[in-house]
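Read from first to last, the chains carry the letters A, B and C; within each, the first residue is number 1.
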Amino acid sequence: MLLPLLRIELYKIFRRPRTYISFGAIAAIVWLVQIALKFDGPAYIDLLLNNIKESFLINADLKHKILNGYLICFVILNTILIQMPLLVALVAGDSIAGEANMGTLRLSMTKPIGRTQYILVKFLASVIYTVMLLVWMALLALFGSMLIFGTNDLIVMRSDSIEQMRAYDVVWRYLAAFCYAAVALSAVAALAFLLSVLAENSIGPIIATMSIIIVFTILSEMNIPIYDETVKPWLFTTHMVAWKGFFYVKTDAEGVTIDGSIQNLPAIFRSLSILLGYIILFAGTATWIFRKKDILS
Amino acid sequence: MQANRIFFSNHYLFRSSFVHSFTDPYFQMNHNLLKVSHLTKQFGEIKAVDDLSFSMDKGFIYGFLGQNGAGKSTTIRMLLDLIRPDEGSIEIFGMELKKHRNEIMRQVGAIIERPDLYKYLSAWEHLKMFATMSGIKYKRAQLMEQLALVGLAERAHSKVKTYSQGMKQRLGIAIALVHDPALVILDEPTNGLDPQGIADMRNLILSLCHEKGKTVLVSSHLLSEVELIADSMLIIDRGRKLVEGKVNELFDPSEHLCELITSDNATAIEKIRSSALGVYLKEEREEAILLKAPKEQVPLLVKQLVEMDIPVLSLHTRHSLEDYFLSLTTKRDAASSVKN
Amino acid sequence: MKTIYIIFLTLFITGKGFSQSADEAIKKVKARLEKVNDYQAVGKMKTNVIFIKAPIANIKVYYKRPDKLRINNEQGISFVPKGSVNINLNNVFLNTEGFDIIDMGKEAKSGFRIIKLLPRDENSDVVLSTLHIDEVNGLVMRARTTTRDNGTYELQMSYGRYADFGLADKVILEFNTKEYKLPKGVTFDYDDGSKKPPTDKMNNKKGKVEIVYTSYTINKGVSDSVFK
């Protein structure tokens, strides 16, 4: 029963025009960044390399090489992954509340489907939608940029270091990062989903999810010592950006990067497990509430 | 309980469809198709349903009456496991709802109020989806037949957002019936329909029962709609059962209902029960005592009440169910009309 | 006492031929270098700068007299330090008005002659070069160049197959770097909880580049276009 139900949920999601707004939004952001960097890329690279131009030779050829598809994808990922929670909340927040609002929740719940099964399928469908968004983004941002800008080594400019990965050592990092982002966004989906169970219209959960993420992100970004050790390590927003860890490499004793290495893999796994913990917490609570809930909508 | 006892002691007037019931296992096991005992549900301070008990037999149309807010919807939602009762039990097809929800729901079709449905999907897509959710294997012809039954065959592939209110309601019915359920529960199915739509709905319900042998529970706040089609009736107010019985008994032109109000109802009931008048006793309530007697017996009944020294304040006789319904349900708020 | 005497003696003997030995050494070096009109070399470059994490790069080095030099990473990306033009020693001798030579004597341990070159041209970017020359083979083993604008570079060379042309098999270039810091708003940082290098290490503003040449193609002509 699980599979037919899942198919129905996905059918509903992907038959709805609203769903494609998210896909359109992602395409728009990706294309905007690509167009901007196609025309003004060297100026952007100048800005990033400003700091080292006194010690190093920066010429047009170097800038052209740095401005390759992998870097473009990295820039896009940094831009989009901040906005993605909204797109995820749009569907996950609507998942139960939208059905309640349309009066179809009570209709569905008079069918011989257990509530736990129903809610898990709903959540799974939200997660699949999230993954589809990421796949779409990967197609446009990674493979699209690779086509438009070509490929070369990836240079990641950090605030106190420059990370360089060889061209052949990049794609797997992106795949890993996309998988990580899928988990991170599933945590957002789980939160929106939990709120969706509590509401009877979809605007509430969507706005509430975004508000929580904004507040948590601000807390995560704030460099105030009392939060650093106490609150920050436990906020899921802190861990949502850990995908970047896949683009930080290890070096040997002579400062030469090690191909295929990750600077701090345990940190990524720790973040991942915290996110998974949140997913279980949110989805579990949602299930628990929904099982007990009187459906009054 | 008293009311129940009286109800069951009455004989049935068999309808053609009732014959099916003899072969039904639930009937043979002396089970009701649906049995509700002491159902109670409280929302905060408000008791939406209060110690409600009733039962339904297979193959009949049951009218479930009460004003808006009387607790009909809450009751129906409890029957469908949408709302969990605080107390009491529900048995459908001889199985406890709490334990056998999915088994029961495979045989129950319901439509509650007016669902908006998925505006971006067609009637056809709706039926396919809900057929799957009902756990049945369907054929295309079968679903198209369902749509034809509710008059939506021609618009089967138009999106629901282009449908009128009546069409949506009919689609709702088709969804409720898609898996050919034995028990059909319709909550205010005529709400928002035009007169023609109401007439169509009435015919549909009658054919479901009489031609397809289904048991139908239909709720309404309009007695006029239910009395034309229902075999039996349950009237509730403020979550409590007022009356339960066969329509032809509640509405037997040869019998009159007498609503007796005395200055001391408790004593009056005692006296009536121990006298020959006890056979006429229909229901005891704080505010009134209901007696049911053949029309020609009414003058005698009045005489006997006086002879028994019962301080009669008023005695109203009713001969219309509508009138009866009004009398039962408008007391708490004289200003509100049942025909709102 | 005996050792002191020997040292004194050595100093005296070498001191006697100061300018002559220095001149000769320079001449010998220049003679080798002048054999080369252009070259194209293939090698591997290792970058060791505290703030750059880069892989070993496959590079091509192009040179053309008098002062054109280019390090290219044909495929990947390499950050080439500005002072890298100095890896060709001809640059040291390049200035219109010649230079004054100061013989600093021999380095005790290696026996290499230490010579300071002071350009006479006041506009020269090079302010001072200090060379450690292997007089026997006529090769510069170490060079320290102080420039007006770009700080000090230090070169260390090892020679092998191309010693005849004064071309090293391995060059280590040390140079000064500016402190690297980008505002977090511009970068896309994330704190992965890794321990930051201690600040004193970060303040070490010396960068190092090591080039190991695998082959040179000498005097076969190099197109000017590669230097653009």
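One rule holds in what follows: contacts are C-beta pairs under 8 Å (C-beta built on N, C-alpha and C of every residue); 3 or more make two chains touch, one makes a residue touch a chain.
Everything numeric in this text was worked out from a predicted model, so none of it was measured.
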Open item on the list: Measuring from CA centroids, which chain ends up nearest the centre of the complete protein set?
Closed with: A
Task: Comparison of A-C and A-B by number of C-beta pairs in contact, larger one - done: A-C
Open item on the list: Taking the mean of the CA coordinates per chain, how far is chain B from chain C in Å?
Closed with: 100
- [ ] Determine the centre-to-centre distance between chain A and chain C, using the mean Cα coordinates as centres, and give it in whole Å.
- [x] 48
- [ ] Determine the centre-to-centre distance between chain A and chain B, using the mean Cα coordinates as centres, and give it in whole Å.
- [x] 52
Open item on the list: Applying the document's contact rule, which stretches of chain A touch chain C when the two form their complex?
Closed with: 47-48, 51-52, 54-57, 62, 65-66, 74-75, 78, 152-153, 155-167, 241-242, 244-245, 248-249, 251, 254-257, 259, 263-264, 267-268, 270
TODO: Using the touch definition up top, name the residues of chain C that touch chain A in the complex.
DONE: 46-56, 73, 75-77, 79-82, 84, 150, 175-178, 180-184, 186-190, 192-194, 196, 202, 207
Task: Interfacial residue positions of chain B with respect to chain A in the complex - done: 77, 80-84, 101-103, 105-106, 108-121, 125, 129-130, 132-135, 172, 175
TODO: Name, in rising order, each residue of chain A that touches chain B in their complex.
DONE: 1, 4-5, 8, 11-12, 15-17, 101-104, 106-114, 292, 294-296
